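Look for chain A in each of the two complexes below; its partner is chain B in the first and chain C in the second.
The block that comes next holds the complex of A and B.
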């Protein structure tokens, strides 16, 4: 991770928005794309996400617009989710698998009237782009929207209030996993309701030249809510990842990192009546071979020395390993995911984590969500 | 002047509800903010937290009716007739001095005779079918209270029942006004009725929508109180009213309908659907929002309504100040009667210059900066009042009433647009598609099969027209499919086929311009049976919240909206066997009067064990073997199920998209008799008059008709009546076939099947055989097509339909030339 001014800023591929924001934050390399990891510190930003509104630069996420005569069939052939009944202005999250059933990425799929937009993670953007190009048939056209557009997200218990300043209709009429094409400052934009953290979440896709002014406009908004002065704070990937894990929102770099669909416990991204897509046969085989391990969440009160990759033990037997580990400010302890043997892959038991130095740390497996988002008890009016 | 601007006068109103058993009492209490909400006594609420409701209190049926009359009236029928008598009396209307065929009725209801149905169901389950009383079944249909009014007052004109749940009352007034503007009637009775019933009470309770205390719309909004009653208005064409010197209370300016296509029970949270119906009503009347002096809101008191409706109101009125009140705060939610009662309040507000309050209004809990007329009414000159009703299925209705203006002096124009059929999809009996249906009819093969859905050993009949199990998962979005029951699945499948046939793709550009009219004879019996059965066996708390949304008759219309994202005017007709042709008439009216350009007319009817059990208890209804329409040896009907969808478009819309036109709607004839609940006039007099009315409307003579698709179902009396009617009008000159011989009695959908045989005859020249018609009944001069099909050139065809209780809808279609 590097501060602006370092040579990294010249090496990484970045949008104009990220370049200008990088001056105030630390960068992370996501497979060649620069993403802001933190602005003022993960814990501060996390607090904004969970209590106010967090503003997120999503310009590194891949955006591919698929159109042409066979666009639905083509996209459908690459997704584990059935999109036959996906309505216009609705979005769904799906896995994209290779022929061996390995997760290429977890993508959001947006159904437009005559096209489908695919949103990838930053880290898998090029991989998905290459995959689309490889599988593409003559009846399909692919446009890389990142060349002309920037995506910005904002999440938090009061994000809907900020969203209301953008849309000309009542914000509550945009249901979860829906989007609309509207105008902002006379420019066509896509306004999306979908989030990562369990809080009210929105994304907007604007033309590049509008990105900085939109960012500034969003960042400067504020409102009094009783005693609370709602603020908008820029949020980096680190804080976002903590909040995502707290609600067990999968992330391609963790769940898609060599694990099978069943090990990663992301079957809910698969439509089981769907039979024709790349990876279907491999997935069927995975299902038949009894999966021996699953990801399970855990907390650890005293875990200063634990690291990703450390072994997890039960009565001196190794039963798994740690694959993700963050500090949850709400729980005030470490929160992680461990890949555990089936027998131990349940919530509510006590295990041991063994760090590099051979020291033992008590782990408690827990069921998700690990933190209840504040938004769940706040109703939009 | 366009007919949609023809002035409609409200000349009489009548009501019975929780805070008034006549208009004077009601208006006195409503203006004083006097509540009629009290402990409910007619339903056992012991197990529930919510025990309050707007029950009609201290009411003795004997004060209004003779013992003989009460045999044909259940609680809903009684309320309906009491309110109708008052409305006619207050209107000073001497019905006998008018041509009875020019007086009609459209009634809105959510439950109809359900209290009789609940009683029958309980007797059946607890004592056995043989101990369940037949007279309860006569009073059970949705259209029974409507028939009660028509019989009581002698109305022989068009008769229909609007059943889009809580929007039915408002919708029915609009539809009645349409009938006058279409020239079908001069005077219409309209409004709504609903009783408190165990189904609605336990159902709303299961959705946690009932308030434990008195409801507090637009402020505390902790839930609703159910109410009951009947509310009836007399509508007249202005020149008719003026000619007889009637007092004009107010005018019906316009109304509009819309669909949310959002959720089966919850309103669209931003109020977008509500806003569309309000804006549509303004657009149709040419009234601007600045002219609106008062809004009578839907205002149920549920959190969902009270957070979405005010948003729509604010979006409508912008920064204007318009007072708004909820009548439901005083009488509870009267379901299908609610909109009618609220239109009465709006009309009286216009007449008296006084707007009643929203009571139980707690300013501390108010979430919107709007004037809800808290707790005290006020004197205000009301020029235009807007009233909202929103229903399950996301069906919205808004009506605009105005102070009576100088008569425009112009009369009804007879100019008509051409309305065309441009697509069809359907399934019935053994046929899962139109192609299969055509092959079956062409081969002269029955679509009826041995009963496989349940063990029929306990019954006298073992065959029925049963729809094959379709691969619904391939046709319907799985997330919607799991919330649908049989009647809805079949309906959605038919719509899908029809849209494909017509080549219509629903998109954002057209979704608000496409209307849906759903018609049904049976309604969702399967779901109602399952829901009620649990309550009968395990008590009111056993009500299943998952089933409840599909117990409303318009649930399929809601599912159609959700499945295809159709948001245009949406209505539901449950008038028995005439429902489909009536729905087609309504679609025609919507297009003629400029409400929309494309309408899906959908009919769906079920077959299942409760239907067989019920019909078996009706003496002389079911056959013991086969259905033999018009045959000398006929011994009753066989039941069937089916669903159809027709796409109906204005000529302009059809030409614009280069549609394949199948036929033109030429004429409708709608009449009724006033004889007997559950029965019809065996002489067929009024039935024949419906044929004549259709011919007159189509500007054709009997000799122009080349084929009649009859409604005959093998019943001894019904077939006899129809044969006599055919004899009287056509005297043996027209081939007559009975399509029910293929699929059984499919109720509303039978009209749609009849229409399909007519379209096929026009296209192929093949007039279908009537299966099992070997010895036609004698003494009538009718050219029955027996078990041999006929070939002929068919330019015009007529489809006949009837409903028990004595209403007749006939349709004439012709080639589009």
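The block that comes next holds the complex of A and C.
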């Protein structure tokens, strides 16, 4: 990660919105796409997500619209989730696997009347685009929506209040994992209820020329809730990743980074009875293997430095390694994921992390969600 | 710090509990999947296992029947994951003994 400057802005592929915002933040290179890592510091932004509303530039996420007479069959053949009965204006999250059963990306799939929209992670956007092009049949058309549209997200315990300023109907009528096509300032937009952090979460897809004015409009919103003055703060990827891990929301750059579906413990993005998709046979072989490992969450109160890749031990025997590590401001501890041998990959036990200096750090495996989102105790009015 | 054997024994005990919870979920809610396909940390509701509030009430009764532990219906955080259910059973079984 580096502070934004002309060099980064010129080298990385970015939307006009990100280019504007990059002057106020630090950029991260996500496979050639520039994403704002932080604006004012991850901890400050994290508190906005967990207590107010965090505004997120999602313009680097890939958006591919699949249409044509075979669009459902084509998309279905590439997804681990069954979408045959996915209703119009509903969304689902699925894995996209290659023929070896390796995770290409975790994608959101939006069912429109005559098309399906696929949203990718920023880091896997080109990989998914290439995969779609490679597998494409004659009865399918692919439109890269990023050429004309920008996605913006906002999440937090009061995000629904901000969402209410956009939609012309009662916000509580939009269920989780649903979306609608509406107009905002006489422009067609897609309004989605779906989030990453366990808080109320929404995304909107707007025409490029409307992106900056929409961002500014959303950012300037505020309201008093009793003694609390609800604010909207721009949030970068670092804070988002902390909040995602706290509710064990998978992230393509962690769970999809060379781990199998079983190791990443993301079988819940696979429809149990679905058999017709790329990677199915390889996935079945993975699941039948003995001697396996999978991810488990852990906390570490000790301040000694741990790093990704450090060994995890049980009574001097190596049982795994650390694959993700953040500081959780709510827990006031390090929070991470370790890839552990199945025989000890459970919550509620004590292990050791061994850092580069050979020092031992006590790790406690823990149960997800590691932090209870405030939104779980707030009802929309 | 755990000894090697004690650590594995503790893990095995925990796995037995989470496996039993998964079996109960599948049986009581008449789900047509292998219980082992459910992961310990996935959300039970919404996009996790796709259960709803009616299923939650069925699970409250099932947990009480099987483990003698009462979960109140205003404490839905317990159903954050199979692991959270297991934590609740362990802590409330200990508290009662």
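In the analysis below, the second predicted complex is superposed on the first by the 377 of 381 C-alpha atoms of A that agree within 3 Å, B and C clash if a C-alpha of one lies under 4 Å from a C-alpha of the other, contacts with A are read in each partner's own complex, and residues count from 1 in each chain.
Keep this in mind: a residue touches a chain if its C-beta (ideal position, glycine included) is under 8 Å from a C-beta of that chain, and two chains touch if they have at least 3 such contacts.
If you're wondering where the values come from, they're calculated on a predicted model, not measured in any experiment.
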Touched partner set for A:308, first chain B, second chain C, both or neither: neither
Which superposed partner A:113 touches (first chain B, second chain C, both, neither): first
Which of chain B and chain C A:133 touches, first, second, both or neither: neither
More chain A residues in contact [chain B versus chain C]: C
First (chain B), second (chain C), both or neither touched by A:380: first
Partner chain(s) touched by A:11 [first = chain B, second = chain C, both, neither]: neither
Partner chain(s) touched by A:273 [first = chain B, second = chain C, both, neither]: both
Shared chain A contacts, counted only where both chain B and chain C touch the same residue: 273
Partner chain A, residues of chain C touching it in the complex: 1-4, 7-8, 10-12, 14-15, 18, 32-34, 37-43, 46-49, 76-77, 80-81, 83-84, 86-87, 90
Partner chain C, residues of chain A touching it in the complex: 92-93, 176-177, 248, 265-268, 272-273, 294, 296-297, 314-317, 343-352, 362, 367-369, 372, 376
Sites on chain A touched by chain B in the complex: 82, 85, 87-89, 113, 169-175, 271, 273, 379-381
Interface residues, chain B side, partner chain A - complex: 262, 268-272, 307-308, 311, 315, 367, 473, 476-480, 507-508, 565
